[in-house]
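Think of it as A, B, C, D, E, F, G, H, I, J, K and L in the order they're written, each chain with its own count starting at 1.
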Amino acid sequence: MDKVYKKIEIVGVSSKSFEDAVTSAIEKASKTLHGLAWFEVVEQHGRISEDKIAEFQAVVKVAFKLDH
Amino acid sequence: MDKVYKKIEIVGVSSKSFEDAVTSAIEKASKTLHGLAWFEVVEQHGRISEDKIAEFQAVVKVAFKLDH
Amino acid sequence: MDKVYKKIEIVGVSSKSFEDAVTSAIEKASKTLHGLAWFEVVEQHGRISEDKIAEFQAVVKVAFKLDH
Amino acid sequence: MDKVYKKIEIVGVSSKSFEDAVTSAIEKASKTLHGLAWFEVVEQHGRISEDKIAEFQAVVKVAFKLDH
Amino acid sequence: MDKVYKKIEIVGVSSKSFEDAVTSAIEKASKTLHGLAWFEVVEQHGRISEDKIAEFQAVVKVAFKLDH
Amino acid sequence: MDKVYKKIEIVGVSSKSFEDAVTSAIEKASKTLHGLAWFEVVEQHGRISEDKIAEFQAVVKVAFKLDH
Amino acid sequence: MDKVYKKIEIVGVSSKSFEDAVTSAIEKASKTLHGLAWFEVVEQHGRISEDKIAEFQAVVKVAFKLDH
Amino acid sequence: MDKVYKKIEIVGVSSKSFEDAVTSAIEKASKTLHGLAWFEVVEQHGRISEDKIAEFQAVVKVAFKLDH
Amino acid sequence: MDKVYKKIEIVGVSSKSFEDAVTSAIEKASKTLHGLAWFEVVEQHGRISEDKIAEFQAVVKVAFKLDH
Amino acid sequence: MDKVYKKIEIVGVSSKSFEDAVTSAIEKASKTLHGLAWFEVVEQHGRISEDKIAEFQAVVKVAFKLDH
Amino acid sequence: MDKVYKKIEIVGVSSKSFEDAVTSAIEKASKTLHGLAWFEVVEQHGRISEDKIAEFQAVVKVAFKLDH
Amino acid sequence: MDKVYKKIEIVGVSSKSFEDAVTSAIEKASKTLHGLAWFEVVEQHGRISEDKIAEFQAVVKVAFKLDH
């Protein structure tokens, strides 16, 4: 039977790295959603404080399967 | 009175055609949402298996009216 | 001698399919313009009514040759 | 601790102005969501009726913090 | 019966505001065209003179219904 | 073991429909390549002749797995 | 008094160069329109025949002032 | 003699409106630069605090003439 | 019978001009490919050395017909 | 003498990180191509399995020099 | 040791050609900046006066090396 | 009081990783500018030498507050 997915847009924020921010976004999404299937990184930016990167921010689209 | 809509992003998957994938996405959205008003096709891709199109995938934004 | 074309943007609307909407846009353009040469589909969206697709809307650029 | 935000896409509609449409979208979002943090205007369009602007429509992404 | 619209691109210029520039573009279009249906703001820029905004320029696509 | 894919860009041309043009592009690709995995429709345009659509042209990216 | 411009999309074709194609598009536009004010090159492509560039094609938006 | 301009990217922030944010960006630029000539609005976003728009942020490219 | 084309991406480099870079890309492509049909200029950049343009670089998509 | 490069599009897949996926794509390309010169990351996405990132996928354009 | 570049956006204006406008932008940049390394043409437009191209305007990003 | 920021475009180059390239760009910017506030990664590319990544290049927009 044909499938249907929904994509939501999540912004992960990490003090360590972009990949940590992506992981953090997906981990958060997994707490309330089932059937996470793929993700797409759509933006990478961050906050600077006292000349250092204080936050890595990754805007991530996360897709999950909708139940029938 | 002024109206407000919400747009969600749905990926319909069909073994038949892109239009079937779009229809499938909207049908699924209609099961849990009221007041569907319009849709926008934002991407068209698919999966190939044994040299044939196995899945038509249509990424569709669906807008629906929020109740006051 | 060198040629010049003009491109106009037409929105075809059909209750049947996107291809019907494209065809409808081109047919309409052909009633007042000569020398239609090519077309480009730039957007595909539609209207939903009572949970069904009521209109397929295809935004199409149509190019035609300008006479010298 | 690291934060996570979700972005949703809302279309505010106003008979007055684009800024009123943006405000209307955010006000509506605030009724069901906590922790609204920022917004991005992604499209500005509208409906014309009898040669006058009948609706200003602002497509707005609204971001809010997800609770831990 | 199926409908067809044409979209034209108009640049409204105002010394007051972007919304006045948009209104001005639509008002001008309405003088020679019937059946204006919707508009889309595609660019917002302007001219500066003596350190002040001398012109607000709004590039607007205006759609109108073609008669059958 | 980690996988690597290559994406190529193919333009399918059909006198019937866009979906036939997509199918035609993939069928052609499958004659010389193994492991076709997915495709993405990136443009849809066509040629008009005597006021009718003479060619549906679908620009398609086709991805296939590279052997190790 | 506030001004209004219209932008049209013209494709100039030249056997010599892109700049000749742009010039050709503007020259053609000037034959039927008054008050040409500016142009924007939006695409540059061409046709190849027997391994040589047979046509330089420049897609150009041309803006002209609408009379009051 | 031929002219040369430089474009810089400024983010105006206002608690009142987007147009105030644009004006504020240009006013600031005019304090250190001569010959401001035009501007382009490239992004419109803002900060929300306690369910109200606390900041309108307009990202503006400002062009000014370089002296010979 | 229906046709299929392949598009490849070539970067021509010239010390003279962008058009020479485009020509150079197409000439190179023609040495190993048959049936070149059209090209699209997708980027124009270059290298500067001692304050002079040392290289004009044109990124060009070249399409050619695949044999049946 | 003037140079010509070709750009191909490769999708590297890694279970570790995006940078590993990029490296993997380039390593694979280097097995059959000489004169690799530069690369561009054009998309970053991945597959999720059981709430964890199972694959980091990096779409990479790789440019290499064509021999004369 | 690792390098850092800065990119600035310059608009060259020429009455002759786009390439002259690009050259003019780079020449101007070289008067106040050291270590110019590459450039990218990002827009090509112009002004029309009395049905002739009065100005070719090339928007160019110019990159130069920052000293350590 | 209302704030104004300026965004500049910096290209960090690192032999180690993209994140090192981003860090390097920001560190460099901080040497001459005060009030760095946020950054946006706009492009990721690099140079290949002898089949290995020799340089990771991150194009980064860096925003800083302008003093009143």
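Here, a contact is a pair of C-beta atoms (placed from the backbone, for glycine too) under 8 Å apart; a residue touches a chain by one contact, two chains touch by 3 or more.
Because the structure is a prediction, the values reported are computed rather than measured.
Common neighbours of subunit H and subunit K under the contact definition above: L.
Steps from subunit D to subunit L, minimised over paths through touching chains, total 2. Of all chains, the one whose Cα centroid sits at the greatest distance from that of subunit H is F. Subunit B and subunit L have Cα centroids lying 38 Å from one another. Subunit E has its Cα centroid 21 Å from the Cα centroid of subunit C. Separating the CA-averaged centres of subunit B and subunit C is a span of 22 Å.
Averaging Cα coordinates per chain places subunit A and subunit F 31 Å apart. Counting partner chains per residue, subunit H shows two or more touched chains at residues 8.
Contact between chains, as defined at the top, is found for A-B, A-D, A-J, A-L, B-C, B-D, B-F, C-E, C-F, C-G, D-E, D-H, E-G, E-H, F-I, F-J, G-I, G-K, H-K, H-L, I-J, I-K, J-L, K-L.
On the side of subunit D, the complex with subunit A involves touching residues 2-8, 61, 63, 66.
Listed in rising order, the residues of subunit G touching subunit I in the complex are 17-18, 43-48, 51-53.
For subunit J in complex with subunit L, the residues that touch the partner chain are 19, 22-23, 26-27, 30, 36-41, 62. Residues 8-15, 20-21, 24-25, 28, 59 of subunit G are the ones that touch subunit C when the two sit in their complex.
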